[in-house]
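Worksheet: the structure to be examined is printed underneath.
By written order: A, B, C and D. Residues from 1 in each chain.
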Amino acid sequence: MTTPVSTSAHTSPTKQVLRQALNHRGVMFGAFVVLAIIFIAIFAPMLAPHDPYEQILSRKLIPPVWFDSPKTTWDHILGTDHLGRDYLSRLIYGARISLMIGFSAMLISGVIGTTLGVCAGYFGGRIDNVINFVITTRLSMPVVLVALAVVSLMGSSLTVVIWVLGLLIWDRFAVVMRSATQQVRGLDFVASAEALGSTTPRILFVEVLPNILNHFIVIATLEMAHAILLEAALSFLGLGVQPPDPSWGLMISEAKGLMFFDGWLIAIPGTALFLLILAINLLGDGIRDVTAPENRN
Amino acid sequence: MKHLQLALAGALVASLAVPAFAGKSDDTLNWATDKEIAVIDPYFSVTRELVIMGQMGWDGLVLFNSETGEFDPLLAKSWTWDGNMAVEFKLREDVVFHDGSTFDADDVVYTVNFLLNEENGVPAASIYNWMKSAEKIDDYTVRIELNDPSPLAFSYLSNEISIMPAGHYDNAPTGADGSKDYSSVAPVGTGPYMVADSQTGKSILWKRNDAYFEGGPKGTPEIGNIRYRTISESNTQLAELLTGGLDWIWDVPKEQALRMEESGQVSVVNEKTLRISYMAFDVDGDSGQDFFTDKRVRQAVSHAINREAIATELVGPASTVIHSACHPDQFGCTQDVKQYDYDPDKARALLAEAGYPAGFEFDLYGYRQREFTEAVIGDLAAVGIRANLNWMQYGSLLDLTHKGKTPINHMTWGSGSVPDVGAITPHFFSGGADDPAKDPRTAEALARGDTSVDSAVRKEAYAEALGIIAEEAYWLPMFTYAKYYAFSKDLNFTPTSDEIPRFFEATWN
Amino acid sequence: MADPVLSIRNLTVGLPVKLDRKNAVTGISFDVRPREILCVVGESGSGKSITSLATMGLLSPGLKVTSGSIDFDGRDVLKLSNKERNAMRGDQMAMIFQEPMTALNPAYTVGAQIEEVFRIHRTLSAADRRAEVMRLLEEVRLPEPKRLYDAFPHQLSGGQRQRIMIAMALALDPKLLIADEPTTALDVTTQAQILVLLKQLNERHDAGIMFITHDFGVVAEIADRVVVMRHGEIVEQGTAEEVLNNPQHPYTRALIDAVPRPMTEDTTPEANENPVVIDVQGLNKTFTTSTGMFKPARTVTAVNNVSFQVKRGETLGIVGESGSGKTTLVRCLMRLIEPDNGAINISGVDFAAKSRSELRSHRKDIQIVFQDPYGSLNPRRTIGSQLIQGAINFGIPRKEAWDRVYKLLDIVRMPHDSVNRFPSQFSGGQRQRLCIARALVVQPKVLIADEAVSALDVSIQREVLHLLNDIRDRLGLTVIFITHDLRVAAQICNEVLVMQYGSVVERGGVSQIFNAPSHDYTKALLSAQPGQNWDMPVFDEGDTLAKI
Amino acid sequence: MGECHLTFLKQNGLDTVIAFFIKRLVTALLVVLTVSAMTFSMTFLTGDPAIAVAGENATQADIVRIREYYGYDRPIPVQFMSWLGRAAQGDFGQSLYLNQPVSIEIFARLKTTMTLGLSALIFALVLAIPLGVVAAIRPNSLLDRFALTVAVVGQAMPSFWFALTMMLWFGINWRILPVSGTDTWAHFVMPSIALGYFITPGVMRLTRAGMLEVLRSDYIRTARAKGASGFSILFKHALRNAIIPVVSLAAVQFGFMLGGSIVIETIFAVNGLGFLAWESIQRADLPMMQAIVLVLSVFYIMLTFLADVLNAWLDPRIRIS
């Protein structure tokens, strides 16, 4: 159906996408949760009832208030951890670390992957061959194993974890951006820009990048979730972020020993992590839905 | 339709139902640790598991009796010292190896000579290099000569020196690099159990040696089979123990142990060990963070940490706070040294005096039981010192400490289960790579203690060294480790402080 | 006259909400009789395909028949159950689609796909089925039926695939055959063959044929009766004779009027004394393709030793079927693709010899308008920023550049406020105008139109062609016009190059090419034009589409 | 299949196929070489491997002895070249910890990991493909939403958490499945589900997207116009084409699973390659780590090759030019 559908004048594609996004349940839910968690992360010092590092060993493992236990107290709504630190405060501060890991690792991998993918897709030929080889090499290395090995050998700290993840998970960016760029490169407006004398960087930044941005955003959300999950897996094996910094992955890993007895210890950060990943993924899926070409006029 | 579904579900459950492959019912004791065991040879595997299984499969000349604190005769019937430098053993005559050959003096001589031959590359040299030679006097008499007077000689003979049949390693296969691969020789010993089956990374099955000699200190084995399993994840060990897949685990974290005890499904015991926890300071300032060159800062840290709380809340009731650089149960380990009580105010005052009223930030290194180190960091934070945790593999961390790159390392030492200060303090304070201070006074005092067999002389020398270490606060000795053991109610088992569970003594209830 | 096999009465198909029209098809009625070819004609969006799909019961889920009836063979197909409909489809009524490239399942051999019709509707032994398929393959004039039986669709040409589709449709001798633009995606020579085949089959079978098309030439070629549709309604229906030669409705007239006329009169262009702007000598381009993993790399000569000159103010038409190399030729000309060798002299600059960075400053001399109005504008940028880009690239001050843009918008007859909008807000014809404006903003000497009107409806096509002519004359441009349609070329060009397999086979003035073609290929192209025997009526100026 | 390959050879000519294989082989070798260089240098990020080998409580003298014995005192390039030379002959050296040839150990563990990987893959495909198909038939229906939920939840749940929760319910509370080990097929049920569930979302989404695309395609309309039944359209026409990319994905995911089973193998005490890798990392068993990474990357390359061949077999457009 090529019936031209009139849309109100002066709406940019971005605005149209935004309007569709506002009507998309997945996007709205995802955005709401992600924004809420970002809000919590930013205002952690104001929101947290206690110092997340303050330990009182004699008050350890107090259950959350809804448990029927003489130890519960409204002073520690979500209870305390194995060192007597306030669980709610750690959860709130943990949002910072988890988001930072996800975001930084995504940013690093995004820059690497996009650069490689766009160059390969735009220039083609030998450059494409070389970059393809680099991508194949990267794909052939098992991520978890290599991440574990490097973190284990270099010693795990927040910086090491972020860099290792960032340097490892750029493959999807590269693959997707490469094919998206190839697609855009074949469109006539790129040829026409070339014919109009635009320089290559100009074509890349003005003609190509804006048109593959939606792919970038979708992959970015996926990889952010991926990075957070990988950190959780590293933490599970004891090689993620180091205490006392409270990442959610670390909280899960510290709680796992008691998961058969005090399920809430792992359920609380686990749920937080699950919600965050779920929200990011829904957001990514939604963005993919509303920016998919068939949904655009 | 519904009935069919139910029937199907029932059939499924029935077909999946776990066979009782463990425990009393089939006379198999299953125990597990997180280690993979590929080499079943006490000399070519440096794991704790092989010390334990070494006691199952092999016998030494003597055996340490943790109740009396003395050494009981095992393969030796008796012995006599010839001065400080030689000892003569009379051997039992009723012992046979698992392969049926008879045990005699040749086997002891072969074993010792094999260890002493450097070409054989037996890794843990410290367990045997105190010996100079072994000599057969007659079929059942052996004389061992020492290099130096060695107070630890019998400890090694008890825990580490397992007697192999003569010629045991002669037919070892040749590896790819042309060297002999001694580690793959099939295990043969005289011990109460022998290997029936092994799968690397999975399990080792031992079965009772029915020909085991009577009347030895190891008694007569009762349980038919003992299977070792590798289960790396502690939750999984726990799950297996609760479901009967395992009969015995250890190193259970305190909280889990308490919950299991509450559940009443398994027996839980907290037993002290010879392992201690300590923090070593970068006294020389080699790490580039020179806060700890100042004695007052070291003392401030010592006052800042609530060791009592860590020991009781996190480690377990059998753990005690220690003040000197050794385990209180070890010979010569006096606690009568300068003590640093938990006193945050004093710590702050000392810090201010040293020029750090606002505290400082430094790198702390650790490798074992992260929550203990985490608690230390929490205590330090309370007096204004921010510690960044660097969590490492033991090997990597040790390398760093040898290079002096760690401002503080929080580590542990198990003394190889040797109940003598000689197995710990001299290792760390005789000027070697592990010595944080390289103080000649400690080195001198320790050397005196190490080379004497006179108890009084040794005690005095060690006390002097320990006094200096505490006074200068080169180390902060933290606490003794206590291990939680959890085992099936069917199992009759008694833990010992040397961290060598005696499965051969275990029985079913 | 026989009773109709298909009788559509008051059919209305509703559109899903949110679109600008309530119904895709509104209250239409017509009949198809046995042995007759009924052509349903209309531009895109007229509802002609939806009518055919509704008849087959293949409407996409968003579309619903809201009223009316479709009586086929005495039963209202709208009231049939799924099972009954399945039994009917492929057996009593069959359909051929527009895109032969995608209408066959790539995973099965064509033989198996034809056989499936027998499997579904008949109980025949394997040998019988095979024999039937062989018979059909022969009937649709496919060479070597035995070999073709085991061929996969991608191994066949478009024309061959369409014959397979026809064979499949005719397999069980249906009463009704619906052909939805079956020749639109084909080259003109192939189209002619398929039309001949359909006519022959029509004589041998009893089926009534409902033939959907947008091309009055095709209508003239095969129709017995014609239905003209517009915006989902029938504006006119009657015999081919009546509708083609004496259309009553203004829309029909306008449509017929917009059909490019074949060149009849001899209009030898006056000798052009202008200087040569483009001089191409011995241009070559070969591609090495390695498309699949197991496929050997193939070398294709896309441009084979092409030389030509164009003088200022002239329009050169380059005509050829798909794969003739015409698009590669112009892209080489602009160095959007690197030619292998040859000289390209554009107003004194050798484009082929310059490095890419040296070339940049000369790029403004030669500009291009592409075929696809949807791909040639960046959907993420406003029209204004895209129009001004070229001028900015060549250092024109912003103010002057904007002046140029507004002036050009006037020339291409687009409102000035277009600059603030995005491409998605324009129709295909509007976009092509904007693309022309964008190309002109750098004041080129040469404008290339690469199938620039092929994707447009015939009425819009005509407007854009007029615009191009107008601009050429006003600005003194040199135009190279690429097209597959000789009739379109005739309307705008002074001279025509005919290309086949990468080579120029004939060159000459328009009237010479049309009236006295010398090369066999040109002759074949000309004779394949549909509707040649139709003497198109001429109407007054009053009936242009713009007024309706 | 045999027949297919015959046609395939006939139509393409043996030369082309051989040329293709050689090209792939060269790429594969280059990749393996690069990977091995990277893993080799990576393992020297740490300090002294000799200390790791000596274990806890070893004395300085022990460490020096070990360093000389294993040749860690040689320059790194020398060590790499000698390692590479031996690796080419299938000799990855001795494990520092297990005291036996690395290749033998890896080979032994590979079997377990392959069993786990295959059963996980089968679980994932059996769950994901029908869900994807059903979701595509009725987009936005309840079933589609359910399938989407399975996918989204699967992507958001840390695999270790899922594994431990399963262990809690099926192992401890209901006692219908053994908790850990590899003795019977029942032991593989939980690890396979835990590992397979992880790749279910991807397979399901791809199946759904592929089916949606194919169902919209012209040839499905052709099939409907022929009067083909819904069942035949779905399975004979649509799934046959939609499954092609799924096969590639499955092969590649299988490769990822072999390398990604570390957590699952650790939890369920499956003594496979992943567990061996993790243990080797913990004890800095360099030769073992290097060899495992190398073996896994070779596997990955072989699997992508297999995926290509499978694709060619399934898709005549690739197979026959």
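Assume a residue touches a chain if its C-beta (ideal position, glycine included) is under 8 Å from a C-beta of that chain, and two chains touch if they have at least 3 such contacts.
The model shown is predicted, which means the values in this text are computed figures rather than measured ones.
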Centroid check, CA-based, most central chain -> D
Averaging C-alpha coordinates per chain, one finds the centres of chain C and chain D separated by a number of Å equal to 48
Chain A to chain D, mean C-alpha position gap in Å, rounds to 24
Taking each chain's centre as the mean of its CA atoms, chain B sits from chain D at a distance in Å of 38
In chain D, the residues touching two or more other chains are 46, 164, 168, 172, 266, 278, 282, 284
Multi-chain contacts in chain C, i.e. residues touching at least two other chains, fall at none
Flagged in chain B as touching 2+ other chains are 235, 239, 242, 393, 396
Chain pairs that touch, by label, are A-B, A-C, A-D, B-D, C-D
Touching chain A in the complex, chain D uses residues 27, 30-32, 34-35, 38-39, 42-43, 45-46, 152-153, 155-161, 164, 168, 172, 252, 256, 258-260, 262-263, 266, 274, 277-278, 281-282, 284, 289, 292-293, 296-298, 300-301, 304
Per the touch rule above, chain A residues touching chain D in the complex are 133, 136-137, 139-146, 148-150, 152-154, 225, 229, 232-233, 236-237, 249, 252, 256, 259-260, 266, 270, 273-275, 277-278, 281-282, 285
The residues of chain B that touch chain A in their complex are 234-235, 238-239, 242, 253, 255-256, 259, 306, 309-310, 313-314, 370-371, 373-375, 377-379, 381-382, 388-393, 396
The chain D residues in contact with chain B across the complex are 46-49, 51-62, 65-66, 69, 86, 91, 93-95, 97-101, 105, 108-109, 164, 167-168, 171-172, 175-183, 186, 189, 266-269, 271, 275-276, 278-279, 282-284
Residue positions on chain A within touch of chain C in the complex are 1-7, 9-14, 16, 187-189, 191-199, 202, 206-207, 210-211, 213, 296-297
